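What follows is a set of structures to go through.
Two complexes, one shared chain (subunit A), two partners (subunit B, subunit C).
== the complex of A and B ==
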């Protein structure tokens, strides 16, 4: 349990250094310094003030998660959303289930759609070429009963594959936006794990 | 009281206190923790967020005792947000109360 101003500020600084921009960090720390200064001037002890403030680790965790989610919102990248999700996971056991599970599910779902798309988009043209060879009477793998129907079917498969790949990208974008909104809401409601208030 | 509740309503509490008067951080924290039992440390990041979102601005003002203090003031946007959130909360609270008390809604 934190008992002095120095320790409270030190924990915040250690945990947020390199996460928040320098200016934001100093700004936040100066808020707590002012809080201690005025509190002490009105006769309260540092220990008492620390007790009311609660755990600095919780504050740091929450500030970090909020910042990383905002960053992922501003600059879309796999790396940023990954960091945001990890930081949000730290906010409590609840999030292991309600953030991690949906996140993994979505990543796997998108990967499956994408890979299926790639598979079709590769298999389609190959099948088309074999059908052509078969039509032209050149010996090759005869994969269709009817080469002409096979050729059309191959075109269909190729288009479907490309469609799946495009769909995977649009879905990823959609879930990214949705995910950011969910994380923002989540941070606003979920408490830190070791909050003792 | 359940901490999820508290965190959810903390924002409107802060906006509401600031709608009555400008406050410095310590004063604002005092106004809120006087009525709601919270970890006071979580209010400063919230104030920062409200500032980033343009609901509050800050200014420094000299105090009789010691160095200047950072005051928080609602912006026009913040005032509107406070009003909207208050209306929403009042409607919500009225519905929940009616439900909990088992009143007939059909009056």
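== the complex of A and C ==
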């Protein structure tokens, strides 16, 4: 257990250096130093203050998760949301169930929709060519029961494939927003629980 | 609704693309939905007009053609005591396997693998005295068919091994494999437009025959029995000529025991473009 202010600040600095911007990090460390200063002025020991603040490793994990979630909220990218999810996982083992499982489920769902869309968007034009070859009487694989109907089905399949790709894009945006809100709520719940304990 | 791009708002790549292309996302989605619905509606309407939809009772519905590969059309022509036979095979485009081993009592068994059931070939049979004439002919494209057209064919034809036979094979485009070693030939004529031909007479023990093989574009492989009295005359355009186990004289080959005075099998090969391999086995 950390027992001195110096050690506490050192651990926080080590854990958060490179994660937070330098300015934010210095602000954070100065807040903690101020907390120690006020506490000591009121007669509390450094050991007692360290105990009341909680482990610096846990504090660093929470700060890191909060920062990465905010970053993902500000700048939408797969990389940022992935880092935010990983950082949130570090807050507790139970987040394997409450964060990782839904995250993997959504990623797989979006990937399936997107790949289905790509498959339809590729198959459609190919099937259209086959239907044209059938209509023109050029020997080829007669895949359609009716080549003329097949030509229209091919167009429908192509546009449906593009629709799925577009749907995957908008669903990804929707789930991204939802995910950020959920991660923020999750971190808030964990912080609250720790404050109570 | 035109998407607005401002310097302080972060835009994803997709949004930037849409802004750059001036595509209105909502309108794009509406158009795609409309195209999808209308296309499928028209497709089903055409199917309904052509009688393909709804399906007949007991038949599963599919937009795709049911493959004839799983249920090939098979025809058996009985020999009916014929003393000799005459077979003409005419295949426009596809793959041909011709071999001996027809079922007992049958002169010919033709199995046609085609994805289009209506493209089963015409088969005619004509018994004149003791001479049986059989012709198997692809129907060909008589008109553009909008609701059902051609697909590749694979014909597998088995012939009687004992009846003396005039065999005439005509293939427009496609590969042909003729395993004739067990047949009893009197004449053999093979005309192939484009594609590879492999004629295996390696185990031939029937009566003497004359053969003419004409190939436009493609490789020809001809196997003859090593101990037969056979002469092969080649007339070739562009391509390699390779002989194995035969005595070569210019573009002619003879088997090792070639004796002009004895009954002789004469095979003439005319090749346009492609390699030729003749081999005694």
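In this section, the second predicted complex is superposed on the first by the 190 of 197 C-alpha atoms of A that agree within 3 Å, B and C clash if a C-alpha of one lies under 4 Å from a C-alpha of the other, contacts with A are read in each partner's own complex, and residues count from 1 in each chain.
Quick note on the criterion: a contact is a pair of C-beta atoms (placed from the backbone, for glycine too) under 8 Å apart; a residue touches a chain by one contact, two chains touch by 3 or more.
Just so it is clear, the model here is predicted, and its values are computed rather than measured.
Annotation for the three-chain superposition on subunit A: subunit B and subunit C fit side by side.
Look at A:69: by the touch rule set out above, it reaches neither subunit B nor subunit C.
Contacts of A:55 after superposition on the shared chain: subunit B is touched, whereas subunit C is not. In the overlay built on the shared chain, the residue A:160 is in contact with subunit C alone; subunit B does not reach it.
When the shared chain is aligned, no partner comes close enough to touch A:180: not subunit B, not subunit C.
After superposing the two complexes on chain A, the angle subtended at the C-alpha centre of subunit A by the centres of subunit B and subunit C comes to 160 degrees, rounded to the nearest 10. Contact with neither subunit B nor subunit C is seen for A:99 once the two complexes are overlaid on the shared chain.
After overlaying the two complexes on the shared chain, residue contacts for A:81 are found with neither subunit B nor subunit C. When the two structures are aligned on the shared chain, A:146 is found in touch with subunit C, with no touch to subunit B. When the two structures are aligned on their common chain, the gap between the nearest CA atoms of subunit B and subunit C comes to 18 Å. The touching residues of subunit C, counted against subunit A in their complex, run 10, 12, 14, 25, 28-29, 32-33, 35-40, 42-44, 46-47, 50, 52, 62-66, 93, 115-116, 141, 144-152. Looking at the complex, you find that subunit A touches subunit C at residues 74-76, 134-137, 139-153, 155-156, 159-160, 162-163, 166, 169, 173. Listing the residues of subunit A that touch subunit B in their complex gives 24, 27-28, 30-32, 34-35, 37-39, 41, 52-56, 58-59, 62-63, 66, 188-191, 195, 197.
Note for the complex: subunit B touches subunit A at residues 3-4, 7-8, 11, 24-26, 29, 33, 37-42, 44-45, 47-49, 65-67, 69-70.
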